[in-house]
Each structure stands twice: as C-alpha cells, then as structure tokens.
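One chain, chain A, appears in both complexes that follow, with chain B as partner in the first and chain C in the second.
Our next item is the complex of A and B:
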C-alpha cells in the first residue's frame, strides 16, 4: 500500500513536470500509450495472457473516432462510441480467442490483428488505405497546447484510477488467481474462460479509449497504428516497464517513446536500434525497469541489514 | 474463362506450396521449441534477398537456390544458440519478444544493405518462358516451382517419418520432457529444429523471388499468413500445415478470379471459418 502511494505521488509529479521535459506531442503520446500499457498489463501481468493483437483495438478505435470527427460529430460523442466499439469487437474476438491458451492464443490474436489491418488497407474509401486517415481536426476548445495537454492528462488520470479500482477489487484478485493457478480457480467454481474474456475485454476497451484519443495528437491515423508491429511495441512497452507492478508499464512507455523519438531524428533506420535495445533488455533485464529499481532498493536494504547483523555478532563477541 | 480458372488454380497451388513450406517450418519450431518464431518472416525475406545477391554475383540461379537457404540456416543457428537458448528457463513471453526484436533487427539490416526499393529476380533461361500443356499455356518456372516444392515436401515427410532424427523431432512435439528423460540432448534437437525451420523459410523465400519479386516488407507480410496456416492446421500438426498452406494458396488463387481486391482478406475469412466450425484446427487434437 505504501509503495503504491509513493508511485501515485510520483505519477502526479510526472504529470506536472512532464510537459516541461518533453515536446507537446511526445508527452501526449506518452500518456495515451500509458493507458494502453497499463491496461495491457491487466491482461498480461495480472491475468497472465499474452495477446499479440492489441494494435487491433487501438487502431480500430482511432479510425472510428477519426471518422466520427470527420463526419462532424462532437468529440464527447466520438470517444465513447469508439471505446464502446472496441469493447464490442473485443467481446467478439475474445470469445474465440479465450477458448484457446498459450501459443494458440498468441497466434489467434496476432492473426485477427492482421485481419483488421487488411480490412483497413483494402477499404481505401473509408480508411484512406495506405495513406492513413487524414484531415481530422481537433475541436476548438482543446486546440491550444495547454488545453490539449490538460484534456489528455484528465483522460489519463480517469483511466488510471478506473484501472486501479479494477485491479484492487475482488475481480482483480480473480485475475491473479487465474494467473497463478487456472485449474484451481476452475475447481473453486470460477468460470475461467468468462473471467479471461472480461480481462481481455477490459484491456482492449481501455486500449480503444487510448486509440480514440490518439487521433487528436497528429490529426491523423497512420495505418501503422493497426499493424502487428505496433502490437509488438505495445507488448514490449509493457514488459520493458515491468509487469510486476501497477504503474510499472508507464515507465516502459516513457522510456520507449523517448528513445524512439530521439533515435528517429538521428537515423532513419532507428527501429534497428530499438530492436537491439529490445534484445538486450530481454536477455539481461527481464524484470523491466521497475524490477531493476526494486532490486537495487532491496540490495541497498540487505547491505544495511547485513552490516547491522555483523555489528550484532561483534557486540555479542564483546559481551 | 476455364483457362483463367485453371491458371489461377495453378497459381494458387504454387503459392500454397510456398505457404506450406514456410508454415511447416513455423510449425516445427512451434511444436518442438514451444515458441512462436516471430523472426520466421524475416528469415523468409533473407532467403529471397540472399538468393538475389548470390544469383547476381555468381550468375548461377541454381547455385543461389542451393546456397541461400543454407546461409539462412546459419542465421537461424545464431539466433537459437545466442538468444533463444539463454531464455529457455525464462517465461516464453521473453523468447517471443527476443525473436520479435530479431525480426526488427534483420528487417532493418535488409533495408540498410539492399535499400528500400524492391527488386525482381529473373528465372534462368532454362526455366523461363512458357510451356504448352495442350489446353493451357503456363509459365515454366511456376510449374517447376510446384513440382520442386512438392518434392521438398515429400523429402521432408520421409525425413520426419523414416529417419531417427525425424522420429526424435516428432517425439519432441508430442512430449518434450519425455524426450529429455530418454537421454536425448535436447539442446541439439532444438538447434537442429530451428535450423530446419529456418531452412524451409529461406528456401520458400528464395523460390518465391522470381514470381513475387523482392520487397523489404515481404518478411512482415508473410508472417501473419504463416500464423494463419498454423491456426487453420491445428497447433503443431505438420500434415495439417501442409494441407492448410495449400488450401490457403488455392483460396487466394480462387479469390483472384472473382474478388481480386480481397485476396488478402480471404486468408482471414478461412481462418474465421476454421475457428467457428473447428476451433482446434483441421488436424488439431485438442
């Protein structure tokens, strides 16, 4: 509980300091992908399901809200409709995916992702195909950099608090139970598939919410946002931050977006550098940044404990 | 119309053979090592690009077809021995991520070496041109491709069913721990499996170069198709992967006749139908 309190304080500080550290579009992207990573962690870290298709919900929802804004609908209608849309899609796809486990689940979510990619690719008249959906305009009241940031930050906080409530609720405990021992959960009487579907759906709905906000940053939806490579990035951001804690994935998002922004200016082939970083992290720092910090903290603690212990022994000898 | 249908079916068959080769490679790795090889697509692309370069350097198309898959095998060995093996004790999410990272790296290396523009590799004079089948005139290379891929699939089948190593691989898919208990060095088995999978991917890539050309995104495009092959086949089923690959190729060929713009979507329609009517896949047991 104490740890969470500190990380929430750190989060609030980050929300205030962030806009001064990073360019406007970057910080907005960080918050939006923060929602994605924290919600993906509900599924990945808490329930133990690795879905390789989260870009599907992100992209689809971005397209829906972009199209609604282009069609003249107000923003406060576009966001709920897009979020609800990804909820419905997640129920439909999740229904088929949660029937299977492990590798098959990964393959299925991956293939569904690419199915939606091709639909977006082929349906040129509506989605803009390869060029992406362009020309979406922000409503006037969030057009300035400050108001847009405040708007994103409020949406982000709303999502984080909602997700935190879910994680700390009995439902969150059931998710953890399924991760630790699915057959025992089944034996106790929980319908594991149903709860897996809920977990999948929660993650996907919030990913959809983030997608519907994404369209506002650059006023467009590039088709990359629904490609399976994006799903890989989402998984990486989540794992990079660390799936062990609630806010851990956010560290991964900040690191990932900062690194990719920095390298993409320097070199056109920046995904190569990101790939190398991915590989190094996976080979040597599997717990992610948050676990690295925690381990350092523990080590520091154990060193101080050790010296205390030695002191005690010395004292005893003296006595 | 009949000519169109027959030639499209033959096209689909050729495509299906390629899908079957890549799909079997992915299935082997998935079955024995228990990881989805996200680098499979880029190994396929690497096979094609290496074949292109070797054919240009030596002037021999056949030599390129022989050597490039073997070079891809070396890359596969490198990935397995340097990365995947270190991660066996970790959760398989991390092996997957490692291979995903490798896919990004190899993809970018391909663009750095060969540039972002596509190439085409022409078949040698002995294989170019068309043959008159009596009722239809059809490109010679595509016919040879179908026959050669079929030959490779038969070889693979014989290898898996008639040799000792093949039996070990199949046993590894069935029950990995039991293979370990029987005193077989699993590390070597894993290495060979990964190498064989990489070989099949590289070979399919090299064979596809003359008909589909080379584009930097070819690896990223083929990967989802491989996964659909695995899903339609049923996880870990090798005959399933062969049949599913050919079926998907044929349905793509058929789609070209009636709905040319939906050729890529039809793959996923097949997958959707499979999941609805036979969730375990065509040849899946569970």
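Our next item is the complex of A and C:
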C-alpha cells in the first residue's frame, strides 16, 4: 500500500514537472502510451497473456477518432465512439484468441493485427493507405500546447484511476489467479476463458482510448500505428518498465520514448541500441526498470539503517 | 440415507485402451467413501471424469439427482462439489489469505458488479477466510506467500482452498501424497474432522488411512470395479488381495 502511495505521489509530480523536461508533443505521447502500457500490463503482467496485437486496437481507434473529427463530429463524441469500437472489436477478436494459450494465442493476436493492417493499407479512400490519415484538426479549446497537455493529462489520470480500481478489485485478484495457476482457478469455480476475455477487452479498450487521443498529437494517423511492429514496441515498453508493478510500465514508456528520441537524432541505426538494451533488461533485470529502482531503494535504505545503527553504538561508547 | 452422488457405467477409452470401464458407484450423504486400487487401476482417470477435467466416453454422473456428466469443472464448485488435487496445486505468488479468499469469493459473490468493488467491501468473506485458515492450522502464515510454505503446509492450504467453496461433497485425490508421517497423521485427522460436515469421496492409496476412516470402500483394478464393501469386508476379500499381490 505504501509503495503505491509513493508511486502515485511520484506520478503527480511527473505530471507537473514533465512539460518542463520534455517537448510538449513528447510528453503528450508519453502519457498516451502510458495508458497503453499500463492497460497492456493488465493482460500481460496480471493475467499472464502476451498479445502481439495491441496496435490493432490502438490504430483502429485512432482511425475511427480521426475519421469522426474529419467528418465534423465533436471530440467528446469521437473519443467514446472510438473507445467503444475497440471494446466491441476486442470482444470479437478476443473470443477466438482466448480459445488458445501460449504461442498459439500470440500467433492469433499477431494474425488479427496484420489482417487489420492490410485492411487499412488497401482501403486507401478511407484510411489514406500508406500515406496515413491526414488533416485532422484539434478542436479550438485544446489548440494550444498547454491546453492539449492538460486535456491529455486528465484523460491519462482518468484511465490510471480506472485501471487501478480494477487491479485492486476482486477482478484483479482473479486475473492473478489465472496467471499463477489457471487450472486451479478453474477448479475453484472461475470460468478462465471468460475472465481471460475480460482481461483482453479491458487492455484493448483502454489501448483504444489512447489511440483515439493519439490522432490529436500530430493531427494525423500514420499507418505504422496499426502495424505489428507497434505491438512489439508496446510489449517492449511494458517489459522495459516492469510488469511486476502497476505503474512500472509507465517508466518503460518514458524511458523508451526519451531514448528513441535521443538516439534517433544521433544515429540512424538507433533501433540496434534499443535491441541491446532490451536484451540486457530481459537477461539481467526481469522485473524491468521499476524493480531495479525498487531494489536500489531497498539497498539504500538498509545501508542507511546500518550506518545509523553503527553511529548510535559509537555515540554510546563515547558517552 | 440419501445418495448424494450416483455414478453409472462410467467409462473412459483412450483409443483402444480402456482406462475405466463400466464403473458403478453410489456415495451416501455424510460418509467417507474411498476408492482404492493398485497403480494404474484408473483411480485418477475416474476422479478426473467426476470432477469435469476429462469427459467420459460413456456413462453418467448424477449429483443430487442432477445429471452433471461432462460438466466443465468451473461449474461444479457452484453446485456444491469441491476437489483437492493429488499434486499440490495452489497459487504460489499469492498470500495464504488471497488463496483462500479467492476460493470463497468464487462461490459467494452474487453478481458481476461485485467483481469491480473494493476488496475491503467483503467483511464476511474476510472473516470466513480467517476461520478456514485457522481450521487448517495456518493462521500464523496468513500473510505469507504460498510458495514460502513447506510442502505439508501447502497441502493444508490446498485443503483450505477446497473448503473455501463451502461444498456439500468433497472430492479428495490422494490428499496425503508426499507428506511426512507426522503431516499424514494431521491430514488424516483433518479429513476425519471434516467428515462430520461434508460427504467425502476419497481417492487414496495408503491402505491404513483408508481402512481407518472410510465407511465404504470401492476397489478398482485395470479400470474395473472388482469389489465394494466395508473396510472389514475389503480386508478379507480374496479378489482385493489378489489384485494387490498381482495374482490372477
């Protein structure tokens, strides 16, 4: 409980300090992908399901939101419709995917992702095909960088609170039961396939919410936002931050976006460096950066406790 | 006495091999009914068919006069049937409290809305969790992770998870498997204590336990029922002696 309290204080500080540390578009992107990574962790870290299809929901929702805005619909209708669209698609796709486990589940999510990618690719009249969906304009009330950031931060906080409520509810516990021992969860009365579908849908719906906001950053939807490589990025960010804690994936997102922005300026072959970093994290820091920070904090605390104890003994001897 | 469980002609074929063949069995309410047999007798297959893990090839299972043949295993706890596994089967990274809490919640939550409430809103479940954990003697380990418990304690936790469903019928698959002698005595005592409140179908290969606590014993050999009766009758049965000594 204490750990979460500190994490949330750090999060609030980050929301205030972030715009001074990063360019506005970058910090908004970090919050949007923060929603994606934290919600993906519901499925990956809490339920133990690795999906390579989250870009499907992100991209589809971005297209729906973008098309609605281009059609003159208000943003406050475009976001719920796009998010609800992701929810419905996730139920349909999830129904088939959760019939299989492990590698087969991954393959199915990957296959559906690519199916949607090719639909977006060939349906040029609607999606803009290879050029992406362009010309989407932000409404006047979020036209400035500051108002857009405030809007994104509010949506981010709403998503984080809703997701936190889920992981601390009985539903969150059921997800953990499935991750730990699915057959035992079934034996005590939980319909594992149903709850896997719920987990899949929650992750995908919130990913959809993030997609519906993404279109506002650069006023366009590039086609690579629905490509499976984007699904890979989402997995990378989540694992990099750490699946063992609720807010850990956000650290992964901030680190990934900052590193990729920095390296891409220095060297054109920057994904190579990201690959090396990913390999190191997977090999030596299975809990991601969040676990590494947690361990360092624990070590610091135990050292300072030890020093304090030694100082007390010294003082007593002097007296 | 009421027959809580009726099994008729239960059969399981794997290709041309018959693992269980036409087994009939009736379990009286409020008793311990044991199923024994040498290795490979088909006890576990028989257990898995009753508990919904594998569907039978033929035959039927009736619980309280309702046909539950081939029901998915997650439906059974909601009907009052709970099972304890042969291999220790807990949720290792979760605490003892969470392990049992989840089991109680499964059968006691009333609507899907409960899934989204705060876990602090279920005071009755909290209390029941502590009582069950106390019954199996794990109160001092309540906030420890299941993986940190000894094997014997994990078996007790396994039993606590099973009891969390508040069942009428307990299916126990070799609950003393892998336990040290002292822990076996504890587990036997626990089963005896539980028989006052529950009907128990026990699959067990330790003869002295079965003879000590069962009211009726069914003996399987090569997938077939070869004998049924009281412990005394089974002890004196030539068919059973032949089966265990490998005589034809």
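Going forward, the second predicted complex is superposed on the first by the 297 of 319 C-alpha atoms of A that agree within 3 Å, B and C clash if a C-alpha of one lies under 4 Å from a C-alpha of the other, contacts with A are read in each partner's own complex, and residues count from 1 in each chain.
The rule is simple: a residue touches a chain if its C-beta (ideal position, glycine included) is under 8 Å from a C-beta of that chain, and two chains touch if they have at least 3 such contacts.
Fair warning: this is a prediction, and the values are worked out from it, not measured in the lab.
Peer 1: Chain B versus chain C on the shared chain A, clash or fit?
Peer 2: Taken together on chain A, chain C would fit alongside chain B, as the superposition shows.
Peer 1: Once the shared chain is lined up, is A:111 touching chain B (first), chain C (second), both, or neither of them?
Peer 2: Touch status of A:111: first partner only.
Peer 1: Which partner chains sit in contact with A:186 here, chain B, chain C, both or neither? Use first/second/both/neither.
Peer 2: Second partner only, chain C.
Peer 1: Spot which of chain B and chain C makes contact with more residues of chain A, would you?
Peer 2: B
Peer 1: Between chain B and chain C, what opening angle does the Cα centre of chain A see in the overlaid model, nearest 10 degrees?
Peer 2: It is 80 degrees after superposition, to the nearest 10.
Peer 1: Now for A:170: first (chain B), second (chain C), both, or neither, which partner does it touch?
Peer 2: Once the two structures are laid over each other on A, A:170 reaches chain C alone.
Peer 1: Using the touch definition from the top, say if A:246 reaches chain B (first), chain C (second), both or neither.
Peer 2: A:246 contacts neither chain B nor chain C.
Peer 1: Closest pair of CA atoms, one in chain B and one in chain C, after superposing: how far apart in Å?
Peer 2: Minimum C-alpha separation, chain B to chain C, in the superposed model is 13 Å.
Peer 1: Chain A residues touched by both chain B and chain C?
Peer 2: In chain A, nothing is touched by chain B and also by chain C.
Peer 1: Contact residues on chain B for chain A in the complex?
Peer 2: For this pair, the touching residues of chain B are 30, 34-36, 38, 83, 86-87, 90, 92-94, 96-98, 100-105, 107-109, 111-112, 220, 223-224, 227-228, 230-231, 235, 261-262, 264-265, 268, 271-272, 275-276, 279.
Peer 1: For the complex, give me every residue of chain A touching chain B.
Peer 2: Spelled out, the residues of chain A in touch with chain B are 44, 50, 52, 96, 99-100, 102-104, 106-108, 110-115, 118-119, 121-122, 227-229, 232, 235-236, 239, 269, 271-272, 274-276, 278-279, 282-283, 286.
Peer 1: Taking the touch rule as given, give the residues of chain C at its contact with chain A in the complex, in rising order.
Peer 2: Those in contact with chain A are residues 51, 72-78, 82-83, 85, 89-94, 98, 101-103, 105-107, 109, 114-119, 122, 161, 164-165.
Peer 1: Can you tell me which positions in chain A touch chain C when the two form their complex?
Peer 2: Interface residues on the chain A side: 165-166, 168-171, 173-174, 176-177, 180-181, 183-192.
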